[in-house]
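For clarity, chains are labelled A, B, C, D, E and F in written order, and residue numbers in each chain start from 1.
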Amino acid sequence: MSVVVRNPRRTERAVVDGLAACGVSTVHEAQGRTNLLDPALRPIYAGARVAGTAVTVSVPPGDNWMIHVAVEQCQEGDVLVVAPTSPSEAGYFGDLLATSLAARGVRGLVIDAGCRDVADLTRMGFPVWSRHVSAYGTVKETLGSVNVPLVCAGQLVQPGDAVVADDDGVVVVPRATASQVLEAARARETKEAAARERYAAGELGLDVNAMRDRLTSKGLTYVDAEDDQ
Amino acid sequence: MSVVVRNPRRTERAVVDGLAACGVSTVHEAQGRTNLLDPALRPIYAGARVAGTAVTVSVPPGDNWMIHVAVEQCQEGDVLVVAPTSPSEAGYFGDLLATSLAARGVRGLVIDAGCRDVADLTRMGFPVWSRHVSAYGTVKETLGSVNVPLVCAGQLVQPGDAVVADDDGVVVVPRATASQVLEAARARETKEAAARERYAAGELGLDVNAMRDRLTSKGLTYVDAEDDQ
Amino acid sequence: MSVVVRNPRRTERAVVDGLAACGVSTVHEAQGRTNLLDPALRPIYAGARVAGTAVTVSVPPGDNWMIHVAVEQCQEGDVLVVAPTSPSEAGYFGDLLATSLAARGVRGLVIDAGCRDVADLTRMGFPVWSRHVSAYGTVKETLGSVNVPLVCAGQLVQPGDAVVADDDGVVVVPRATASQVLEAARARETKEAAARERYAAGELGLDVNAMRDRLTSKGLTYVDAEDDQ
Amino acid sequence: MSVVVRNPRRTERAVVDGLAACGVSTVHEAQGRTNLLDPALRPIYAGARVAGTAVTVSVPPGDNWMIHVAVEQCQEGDVLVVAPTSPSEAGYFGDLLATSLAARGVRGLVIDAGCRDVADLTRMGFPVWSRHVSAYGTVKETLGSVNVPLVCAGQLVQPGDAVVADDDGVVVVPRATASQVLEAARARETKEAAARERYAAGELGLDVNAMRDRLTSKGLTYVDAEDDQ
Amino acid sequence: MSVVVRNPRRTERAVVDGLAACGVSTVHEAQGRTNLLDPALRPIYAGARVAGTAVTVSVPPGDNWMIHVAVEQCQEGDVLVVAPTSPSEAGYFGDLLATSLAARGVRGLVIDAGCRDVADLTRMGFPVWSRHVSAYGTVKETLGSVNVPLVCAGQLVQPGDAVVADDDGVVVVPRATASQVLEAARARETKEAAARERYAAGELGLDVNAMRDRLTSKGLTYVDAEDDQ
Amino acid sequence: MSVVVRNPRRTERAVVDGLAACGVSTVHEAQGRTNLLDPALRPIYAGARVAGTAVTVSVPPGDNWMIHVAVEQCQEGDVLVVAPTSPSEAGYFGDLLATSLAARGVRGLVIDAGCRDVADLTRMGFPVWSRHVSAYGTVKETLGSVNVPLVCAGQLVQPGDAVVADDDGVVVVPRATASQVLEAARARETKEAAARERYAAGELGLDVNAMRDRLTSKGLTYVDAEDDQ
């Protein structure tokens, strides 16, 4: 059955924006190293970092009709999350759809398939994380669904979840735990900022993290290189 | 038998230049979604867009001798298209060959194998679409052929065909149909420009393309999210 | 047994710096096309070129504890070379470790696994060549070794060897032969500079390298394209 | 949080056995071409066909401790479904665990990671569908969860769902819809049996499926080969 | 344009059968190491060796309609060769189509996409060489062409060409040169049979092929292992 | 420099045969999970298990000349280990070389490249572990070396080392530690045999390995499934 779910509850905007500031690696750590999408999804250009609320789109292989349907369900602050029901290298998304999404305030696209018009998208500053770059076109023949739970690049994404994406990849944060994850992420950032200063000043991780005793107790041995090595 | 074919008929310059302006995705659509090379061929740097007439080179695995032979057959406005007879990751092409080709007005290289000296090529602005980047060198021992029909990255390329390449990939346009494809590509561009304006103004693809009735007749259903979703 | 070897003999600094100036492809040719790491190791950003003396780190899959141990063994001019004992896509390395290494004058990282915080590393100008980019974190549970010989991306690396890395990939130069390789690399550069000038002036490789007779003797045939091809 | 859920409701035995008789391709069609696991999961030997109720195990990369925990939750007629929280090529499963599972009447294993002792497992007739075959061992350090919903090879699997696996791959059937899917699968089988007889007798699919008019209306053209083709 | 070409000229039956007897590796050598399909195409079961005349089918991604059309064009002694216009992992072919083809005397299928029902096909003894095994179904919506030249797994196949397939892969032999290739293949077989006897009797390839002088002249050196190696 | 090293010291026959009896997974565990070759090397047929002393061959890409040279250095009980200096998918090895090796009592081949004639090799019972199966032929133009240390599929192999290969993959055991590894492997086997009996009798790994307390102390929680799950 093909269905479009309207107005799913979305993760709170302030939380989403807070997660964007922390970035993927920190958020991923903050939620116990879970919910990271397959690293095969790469940004089409370097330097973008966004977070948004997921509008999910389940699409047939090689058919992007439902993306047009999904656009209408998007609001400012969303990120579109697209997954085909079987693997497809087709280029589902290009500059026209990006123009339409940008006009609605959508922050980016995460797609477990292909993307095209990447030079235009780069120029527009509309970020996309995709598995493929491919000019190969899609048809508009078969229905799918919008705003249903789906698996994208190996992770379950529910509509309204927070999605964070940057040069390190893409991570999804379930709506229910998002503010708690944000708190943990910020705590981690504070701790890392302190560590960073000490590292920059030349202190060693061995000392900053008090690792020496545990290393010794596990049996680590130091020897000097032989002269003629 | 190893053969070098001199002076194949080339696609008309004005047509080739017109195709370059349209870009790979549009040209690919304009010829019925055919003749797109394997998306595994990627540009060594972002932002280049070229079209040229194909000088084809069939090379043995790990042997770039015939590329030297091919250079002499190149004219201003050509693109070199190289395919090994069996898969090779070797770096067939570097800055010396690029210097030689650039001196003859060749616009770029498409190779279903490896390329090296990519920092130099980037600096020179000599664009290459390759399957691999690899420093591994090649020998000059075995003959191949120049300007014969060959399969490059899954598509048949005839000498003199138009080859278009940009950040979306590489597409070949047979000489015989090139002006007709250009016409179709331009028509598509005109149509897309109009659509782009409407999208930018906030209209939806559902309305721009009058999709709503067909979606309904196929059985698409809209529901509201439940409160506690 | 887990061991840290202190103060391995390092390749002479002047030799290492000379190799950096030549770059990966030239050095690889100069040592008989050997010791090139798997081209699947790619730089996290374009344009870096470094050489340094290898501090090697053998790590368990998904465990980066020994990188902390290795930092203490690093000196100015080193390059860290990390290989897991079985394949891992985890992100072993991020901006904190990079800060620590940069503070010691380390020139870069070569890792046959994943790296994260790539936007930060790009901003810092700390170059990394890795097989993966992945936010997925590592644990600190199991010992490994530092400054032992290891296989990284298919090549044997000894501590103190010279490692050269740029946009073309990564090559290792054994300490014992490094100055001899440098000499050969420089000779090659001189020869190539001369050839480059002739190519830029429009001379053909066929003539610059006197290839015509050998091509003919191997049976290469030239024909003219038929009119109606 | 690491949790073991005891006694999830399981799909009815008769339904599961009926699905096994239909096989993966038929069941997959019968539920609208959904819920097929990534075809990269392959059987370790040809010829097995099983169905069972899923006991799910979420495991850390390179750590098989939770599989031991999961065995206790298994009953006759189950299939173990294992997914790592990040990609791992390690060999999580071998003949000892298979012996333990076989003693409890478990019908097979589906794992989105590696398996080892495949010669022993083949001899025992204990079927496994895995992404990798690898001798590389795992540790027992970190907790995971048993009988929680998880994503395995790209599909959501709930504990108690029916899992069908054969030489064509692996498909999951949600418990709630399993008997309905079985009915549809059997209807499909009946229809296919009739078609098979007609095909075997030499009738064409064009006629069995009355395709000719639609092909003509779409514009299919028949021509005779030219003599000198 | 979608077209079905009827009655292409086919390679002579006796020649085709002779090529089958020689096998893929010998035929491939006999035609100068050309025309070998991508080794990623693997047989669904071991031990089959067939040759036949190509009936080619160009299909859209995920759509097997044209295979039904192609069946009608098949004669005894043919091999069906199917290539999608863009990469597809879908299972285009199963036991019903195989039943239909077998009823017409078709010898096998070569497909640069997926196949399913592999247990049934194995039981029937209908051999298939495919890139994927996948239960994922296809639609019947879009036209393609039958008996047009196409690129399958990287090689150009013309209708009526001889196609040879066994456990080593798939090779295509153009109709025009098939009898000449057969002759060369048989000559090679005779020579190899003689060599095989000498090898079995313990003679070395170095002597059978008189390689020692050339090795020495190229500089090969023999040394004895040091005692303490 | 190309060199053939004669008569390297070989691991003792009885030790090698003992390792074969233990198999790859057990030996790999017994030497601390080290020295396992890349699992991408697969046997060409199921069911073989061999161990032998390594005769190593470093070959250029696409050139199998040195394998002929290596045959002369082989003795009964050896396993040939071949690694190209850069990746190659070519079919370096077929039934003629196998006949020659079998005549000398060589037990099998491990090659980080391609193999062909796999139906013949299967019939002969000559086992091969290779990265590819490919009919593509090789030339005999360029020298390499025999019985030098080399990296094969990611692991260092020294001539005379023990190499164990079965359906789980390939592991190398350095000569110096081979008898100690054999001892550890046998101890492991004894222990596993005892455990296997207990598992077969229905005991759980949780109890056989006394895991329950540690699981609890790490925080594992058991809950009952909710009724309406």
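Annotations for the structure displayed:
FYI, a residue touches a chain if its C-beta (ideal position, glycine included) is under 8 Å from a C-beta of that chain, and two chains touch if they have at least 3 such contacts.
Just so you know, these numbers come straight off a predicted model, no measurement behind them.
Contact with subunit B and subunit E alike is made by A, F. The two sequence copies subunit A and subunit D touch through a face in which the numbers common to both exceed half of the numbers used overall.
Looking at D-E alongside C-D, one finds more C-beta pairs in contact between the chains of D-E.
Subunit C and subunit F have CA centres that are 29 Å apart.
With centres set at the average Cα position, the gap from subunit A to subunit E is 42 Å.
Touching two or more other chains at once are residues 33, 36, 86-87, 89, 134, 136 of subunit E.
Interfaces, counted as pairs of touching chains, are A-B, A-C, A-D, A-E, B-C, B-E, B-F, C-D, C-F, D-E, D-F, E-F. Subunit D meets subunit C in the complex at residues 61-62, 86-90, 134, 136, 139, 141-142. Taken together, the subunit E residues at the contact with subunit D in this complex read 1-9, 45, 65, 68-69, 71-72, 89, 91, 94-97, 99-100, 102-104, 114, 116-119, 122, 132-137, 140, 143, 147, 158-160.
The touching residues of subunit F, counted against subunit D in their complex, run 23-25, 28-29, 33, 36, 39, 42, 46-47, 49, 166-169, 171, 192, 195-196, 199-206, 209, 211, 215, 218-225, 227, 229.
Every residue of subunit D that touches subunit A in the complex is listed here, in rising order: 33-34, 36, 38, 85-87, 149, 151, 154-156.
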